[in-house]
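In what comes next, chain A is part of two complexes: it sits with chain B in the first one and with chain C in the second one.
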Partner chain A sequence: MTTHILLIDDEQEFVTTLAERLDMRGFSTATAADGESGLAMIRETTWDVVILDLLMPGMSGLETLRHIREITPGLPVILLTGHGSTREGMEGMQLGAVDYLMKPLAIEELLEKLKEAVNP
Partner chain B sequence: MWTVRNLVNQIDTLFSGGADAPGHYQSLTRNIIITMLVVTILPLTVMGVLNHFQYGRHLRGELITPLASSAGKAKHSFELFFEERLSTVRFIANAYEYEDLLDDHTLNRLLRVLKTELGGFVDLAIINADGDMVNYAGPYNLKGKSYTSQRSFQEVLIKGSYISTVFMGHRKIPHLVVAVQRYSDEETNWIIRATIDTDRFYKLLGTIGLSPQSDAFLVNSDNILQTHSTYYGKTLEPCRLDIPTGSQNTLITEATDAKGRQLLLACSGFGNADYTLVIATPRSVVMRSWYALKSDALLVYAVSLLIIIFMVIKMAGALVKRIKESDERREIALTELQHTQKLSSIGRLAAGVAHEINNPLAIINEKAGLMEDLVAAGEDFSQKERFSQLTAHIITSVSRCKTITHRLLGFARKLDTVMEPLHINHILKETFGFLEREALYRQIEVRLSLDPNLPTISSDRGQLQQVFLNLLTNAFAAVEDGGVVSLTSAPGPEEGLLVTVKDNGCGMSEEVSKRIFDPFFSTKKENGTGLGLSISYGIIHKLGGSITLATQPGEGTQFTVTLPQNPPTDTQGSPEP
Partner chain C sequence: MNPATTQKETTALMGAVTAPATHDLMNVLAIIGEHAGLLSDLLRFSKEAPLSESQLTKGLTAIEAQVARGRTLLSLLNRLAHATDGLLTHEEPVPCDTGAALEEMVSLTQRRFHARLENPVPDHTITCDPMSLRLLLYRLVELTTHPTQAEETPITSRYRDKALLITFHGHHAVAVPQPLVTLSESLNTHLSCAHHDLILTIPAS
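The block that comes next holds the complex of A and B.
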């Protein structure tokens, strides 16, 4: 069965390319450009994994994560950080995120994490 | 002017504490010394001089009074002596009639009585109104001589009585004359005249009790000596001193004699005769105690002056040394602060740049990844292998860039510190574990000298590992294959501890060692980011420690890290920018 992944990131060039690469690997992906639209899509559809960027204009990644936790407490979330600070990553982990990864990503690492998230 | 400048320069070189002291401290030392000397020596000197004059004046009064009193007493004795002689003669003139005294026998008897009872009388003569000597008792035959032209005769006619000054008589002995005029009942006048020798003068002068250097004598108003003087001439010679005569009060003056001696003269004129008593005392005798006091005071002054100068110089030196040391400490603290500020501002800039670059980098990474995926999934084409190689290279390069940007971001923000109790030796062993294989491979001798009795400290394990890994990596890079790297732990200051990482590698120049903690300063050309040591520096400072190095080109480098037992309270990372 296909794993449904929602990618929430304001950097369109990044997120669409990553989505395409994941599609090529047999995942089913959709993208959202900010926290609000991402949350709307989570409310509408059921997802297997969410990949969430922490640094976004408008609603921040952590804020979005909190809302996701409220809507679907069991949904696995993988965080992406654009900077070297581990603090937000750790905070996200405390809020229930599966793991956090640093941009730029190594695709193999991401696939590993996805596998862990879907089959804990 | 030149000599003053030279003197100032000499003072500078003397008290500046060596040629390497900056001019600022030299002039500071000089100013302190001059100011302190002026404020101490000036009042002391002024007080000394004032005291000197005040006390000198006072003491002179004290010393001169006895001299004046001696002179006054002696004068009274002389006056009394003259008065006595005059009274005696006057008594004879009144007690006897003119006719009685013309009798040789009577006159001789009178002279004999006078000689035995009073002494000093030489002769007695009776002179009539015409100035002829009508009777005489004495050693010479002067009867019948005329005295009209003699001064004593004229003076006695006018004054009624007369005491002459000293003159040389027929016997070549100095003597003087006392004469009294008497009117007989027939209104004719006659004169009785007595000659007295001056032996009694010396007895009277002897009673003053003078010191051997002093001299006492009589002069008349023409400054002719009436008695012998020990130093200033013989009887009837002009006195070699300039004596102020004419005052009946005792007068104290100063004079200098022919030998250059400074004298104090006490002069007192007689009321009943033309004599002035003089006591001449050398100043040195009178003022001896004053001079002794003065030299004592001078000695005390000189000694105090030396002590003051010595103390002022010592104190100024110590003071300026203190100031200099505190200046140097401030300088070091300022440099430290500037360094920290430089690090922090460069860090912020770097973080900004890294963050901006990180996003496009992520895009490049994904695009290249997609290209790789597409090539892999697509059909074979002529350049397929080359294509995948190229994309692989792009991805590798992006990965390298990522390392740099993440380090930059880490440098700027620093990872949050997690404090836990830990043993430094465990961390050092663990860290060394990362490099054990390299050491083995390159035959580098690693000397571990870890003190097993070190206390547990509270610090951040991960960050300490990062620092020591960085220091060890640098040491490994510095030594040749087969070199020596020493890792030591020991107790440090204030219950903290001390870790040294030492290599016998290439070392570095002073120029390089000054900049070694600056961000982006690297000696490894392409292989280094120039961030390792500046990050280490930041971490150790945040953990409340310090990191220093000692190095000599060609001899090796030693980094010393100190760590406190407990970190400062504000180690929880800086706020997000």
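The block that comes next holds the complex of A and C.
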């Protein structure tokens, strides 16, 4: 069964390229450029996992995560951060994210986290 | 040290400016990594259909663009790091290029405040404490940021009567806090408000 992944990140160049790489590995992906449009897509469609950037303009990643928890409490969310600090990542874990990864990503590590998120 | 500026404030400024800039650099590396990874994937997964020239060109062009973006960020960070060099060898104050300082504050905090220089800032060197000038510019960018960051804050600059006028085109009526007025006066600059705009006038030294 295909795993449906929603990627939310304002760095369009990054997120579309990552989506293309995940598609090549058999995943079905879609992207959103900010928290608001990501939440709209979560309300409209069923997803298996969300990959969410923490630092975005407008609605922050943590705020977006809080809304995701309200809309679909069980939806696994993996956080991405470019921060040198892991503080926001830890805060996200407390809000219910299943894991967090630092940018730049290692695709193998992301695939492992996706596997764990979909098959806990 | 400018008497209107504390060591704590200028130290905090360095963190506030370098944090969003280094986040952007992480993104630059992340994008380069993904494009390089995609080219590698295309070679690996498309054995029957070899990597096309257009795929290769697209990937390499994207990587070159990110290298240029990273170089700009690093140049600005390096210039900021050298802003206080004169303080080690000279008595305060030292000559400061206001255009360079504004470009640093706007570009390095772009991710955080979404401000944008509408035109190149003319050369205008004044004699002042370099970090206090940057603190003032940073605070003005912060003050005129859109409340939800949904819109960019345009910044324009022009000369009038040998003074440089920098206008921060805000999104709401701005009340300038007294500490900022004090800081501005300590640098011999002048702050004024017109509708949603905040204007910093920097006379020649």
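Throughout what follows, the second predicted complex is superposed on the first by the 120 of 120 C-alpha atoms of A that agree within 3 Å, B and C clash if a C-alpha of one lies under 4 Å from a C-alpha of the other, contacts with A are read in each partner's own complex, and residues count from 1 in each chain.
Here is the rule we go by: a residue touches a chain if its C-beta (ideal position, glycine included) is under 8 Å from a C-beta of that chain, and two chains touch if they have at least 3 such contacts.
All figures in this text were calculated on a predicted structure; none of them were measured in a lab.
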*In the overlay, answer first, second, both or neither for which of chain B and chain C A:I107 touches.*
both
*Does chain B (first) or chain C (second) touch A:G82, or do both, or does neither?*
both
*Report for A:E116: first if it touches chain B alone, second if chain C alone, otherwise both or neither.*
neither
*For A:F14, select first, second, both or neither according to whether it touches chain B, chain C, the two together, or no partner.*
both
*Kindly classify A:M24 by the partners it touches after superposition: chain B alone (first), chain C alone (second), both, or neither?*
both
*Do chain B and chain C touch any of the same residues on chain A, and if so, which?*
11, 13-14, 17-18, 20-21, 24, 82-84, 102-105, 107
*How about chain A: which of its residues touch chain B in the complex?*
11, 13-14, 17-18, 20-21, 24-25, 82-87, 90, 102-107
*Residues of chain B defined as touching chain A within the complex*: 351, 354-355, 358-359, 361-367, 369-370, 373-374, 377, 398-399, 402, 405-410, 413, 415-416, 573, 576
_Interface residues, chain C side, partner chain A - complex_ = 19, 22-24, 26-27, 29-35, 37-38, 41, 45, 62, 66, 111, 114, 148-150
_Partner chain C, residues of chain A touching it in the complex_ = 11, 13-14, 17-18, 20-21, 24, 55, 57-58, 82-84, 102-105, 107
